[in-house]
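The following blocks contain the structures, represented as structure tokens.
First chain A sits with chain B, and in the next complex the same chain sits with chain C.
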Partner chain A sequence: MAKRIRTWFKFSPSISAVGTAVVGMTLLCLATFADAATPVINIEIKGHLFYPAEVLVPANTKVKLLIHNTDSTPEEFESYELNREKVILGNTRAVVFIGPLAPGEYPFFGEFNMTTALGKVVVN
Partner chain B sequence: MLLDAVIIVLRETLEAGVLVSVLLTIANQHQLGLRWLMLAFMGGLMGAVIYARNMGLVSSWFEYVGQEVLNGLIQYSIYLCLLFICLLVSSRLSIKSRVLMCLLTLTVALALIREATEIMIFFSGFIGNSDVLSKAVTSGFIGLMIGLSVGALCYFSIMSLKRRWIRPTQIVVLALVGAGMVAQATQLLIQADWLSSVAPLWDTRNILPEASIPGQLAYAIFGYEATPTPLEAWLFLGALLSIPLAIVLWRSVSNNNKSNSAVDQEIPQ
Partner chain C sequence: MIGRSGIGLAGYRRVLSLRIKALLANTVLLIVGLFSCTYLYADGSIIDKVYHPYVQLLETEIEYRSRYQNDDDAELDDRQQYRLGIGHSLSDQLFAEIYVIGEDSAESDLELTAIEAELKIQLTEQGEYDNDWGLMFELERETKDNLWEASTTLIAVHEWTRWIATANLSLTYEWGKGIDNEFETSLATQLRYRYSQVVEPAFEFYMGDDTLGLGPVLTGVQRLGGRRKFLWEFGVIAGLDDSTPDTTWKFNVEYEF
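Then we have the complex of A and B:
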């Protein structure tokens, strides 16, 4: 048995290289396909407020939030319910993936302006 | 007083404070002095300045998920450092002091880069408004002091233990902190869509909300999350158990080597 394993390993580099390439290409294609199919929702941060403050998201679906901070100051998108946190510099945009989520409400806030920058994801 | 500044600085200081305090007890036990800590602080703060200044560039990497990838990488690296620190602390190698010192320095520097970057970016938002900046710095100082006090409490609690309990406590706390780092890093890769996300394994928001003070403490110690995904939970468990398992394996290999060399010496040439 050990001899058989050693023999397999002797020829395995080329096999594993081809295998890795095939798996890699498949994953890349899947990732590209998955990304293309992911709904995108735009959120704007302006005057330390989120627009829209209420984001509607379909249930059990992965969603890409494209957050554009149009303020000159930085902000941190944070949500305990969504398990998400991300620093977004002033006048830059950021991507945050959320879901798939069960129906319900998931509050989020801007940690650098937590009294004004408030919003929620509503999953239907 | 700016409450935001207190909370942000406190949260970041808590996370680093617990880790640094345990590493300080290890340095104290091995009589490593404090030079390594100064080096770690200098390196960590320099790294944080560089990271904060280039945050825009880093964030744009990998289709705007570079921040998650780099932070995740830092946290996985901290776990690896903690794993080797636990191995060295539990071994009886005579050459370990220098290696241990390097690992302690690297761990603290990485933790500082991770935590201080966010604080620097937060304060950068007040540059140009000196009144608000001075209020924010004062409030941040309060947060820093509370965080340092918790770290000091952690340090003196460990040092006040009976000698035979100190090492096991250090290893248990480091294993928890390290496993928390792995869970947080995994969460970041899920956020970046590099790992797939599924429904949470459980929901303990009603028992221990993450936003509460005990929840924040639990987050600082072992990366507590009320709604972890199965992947996070399994990797947390795997990372947690890997440390004692690695120590047992390391010890058995060391003992075998010792007994083999003893047998070699007994055999007449």
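Then we have the complex of A and C:
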């Protein structure tokens, strides 16, 4: 295999450490930019079912799902289509952010009760 | 069921202001990031795995990773590294894992060369901000050469519909007898397309003192019922400079339950 020798990026470790720190600080600063106007949608897990099982969401909008598991056992909200996975212990709440999404249907399920805990996000 | 907590005109202005600040910060990040990439510096091959920042409650995993490298240079040729780990989530933000690491080469048989402890912290909720963030701390003891390495890795993920970009930026301090105690930095990135749960194609890029490599990777998940999952990853990274092996084959599997 033909190789290209690249030595131009090898400077002193101290310079590289400073560079890394600067990048790290910049990255961390970004985490403070929250969107204050995120709509909230409440979902309840009860008897290993999602209520509502069909969640209506506006298109191209980030949404905060506030999921309350009222069962005594844990459940996991999961969806490959939404790229989300979140375990919610019994009698606790958890937050899942989704979107902005294009119009369509995005199924989700409860991983601990895959035959009953089924639902979908409908984006209009 | 949707509730928008009365934002009004002032609220929208604030949101707009935050979005502009986020855009500016992203631009600064890109410029600083590209600039800093020219100063990356780390010893040895860093081709391994690109970490995501997410932690799931009640999750346990058993992980096996192997790496096999080929090169024209006999010193880099026919070297293999194996890593076996077990990890468990301590909370919805903390995940701890320990590894035993072994190496095999043309000159020596397989032997235990290092042990490592790892603690990952999920800093932000997935999807809450423009990027998802995590931090990882690693402590490794190379038993064969009596060396120590302590690393801090910043993990960032950006999602564009089906495309996921992940970056791991590491700062490592290495110390021990017979070496120069020093700081090192490295960068590992992955661009992945979420084609299907069964298989997702990706490209990975690694950069350190002795590593400059790029190559394709395939990943996938196989559900085994309930919470049990089998995750796999297979790829080949081509060396782009003299100090990186011509090819590094990587094969990683994880069993989550």
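Just so we're on the same page, the second predicted complex is superposed on the first by the 89 of 124 C-alpha atoms of A that agree within 3 Å, B and C clash if a C-alpha of one lies under 4 Å from a C-alpha of the other, contacts with A are read in each partner's own complex, and residues count from 1 in each chain.
We adopt the following convention: contacts are C-beta pairs under 8 Å (C-beta built on N, C-alpha and C of every residue); 3 or more make two chains touch, one makes a residue touch a chain.
Here the structure is a predicted model, which means the values were calculated and not measured.
When the two structures are aligned on the shared chain, A:73 is found in touch with chain B, with no touch to chain C.
In the superposed model, A:39 makes contact with chain C only, not with chain B. Partner contacting the larger number of chain A residues, of chain B and chain C: C.
By the document's definition of touching, of the two partners only chain B reaches A:93; chain C does not.
Touch criterion met: A:83 reaches chain B and chain C at once.
Touch criterion met: A:111 reaches chain B and chain C at once.
By the touch criterion stated above, A:52 is placed in contact with chain C alone, chain B being left untouched. On chain A, the surface touched by chain B in one complex and the surface touched by chain C in the other have residues 35, 62, 74, 76, 80, 83-84, 86-87, 89, 94-97, 99, 102, 111-112, 114 in common. By the touch rule above, chain A contacts chain C in their complex via residues 1, 3-6, 8-17, 19-24, 26-31, 33-37, 39-42, 52, 55-58, 62-63, 74, 76, 80, 83-87, 89, 94-99, 102, 111-112, 114. Here chain A touches chain B in the complex through residues 35, 38, 62, 64, 73-74, 76, 80-81, 83-84, 86-90, 92-97, 99-100, 102, 111-115, going by the rule given at the top.
Against chain A, the residues of chain C that register as touching in their complex are 1-5, 7, 11-12, 14-15, 18-19, 21-22, 25-26, 28-29, 32-33, 35-41, 54, 56-59, 92, 123-131, 133, 154, 156, 159, 161, 164, 169-171, 182-185, 194, 197, 207, 209, 212, 226-227, 238-242, 246-247.
Interface residues of chain B facing chain A in the complex, by the touch rule stated above, are 3-4, 7-8, 55-56, 59-60, 63-65, 67-68, 118, 121-122, 124-126, 187, 190-193, 197-199, 205, 209-211, 225-228.
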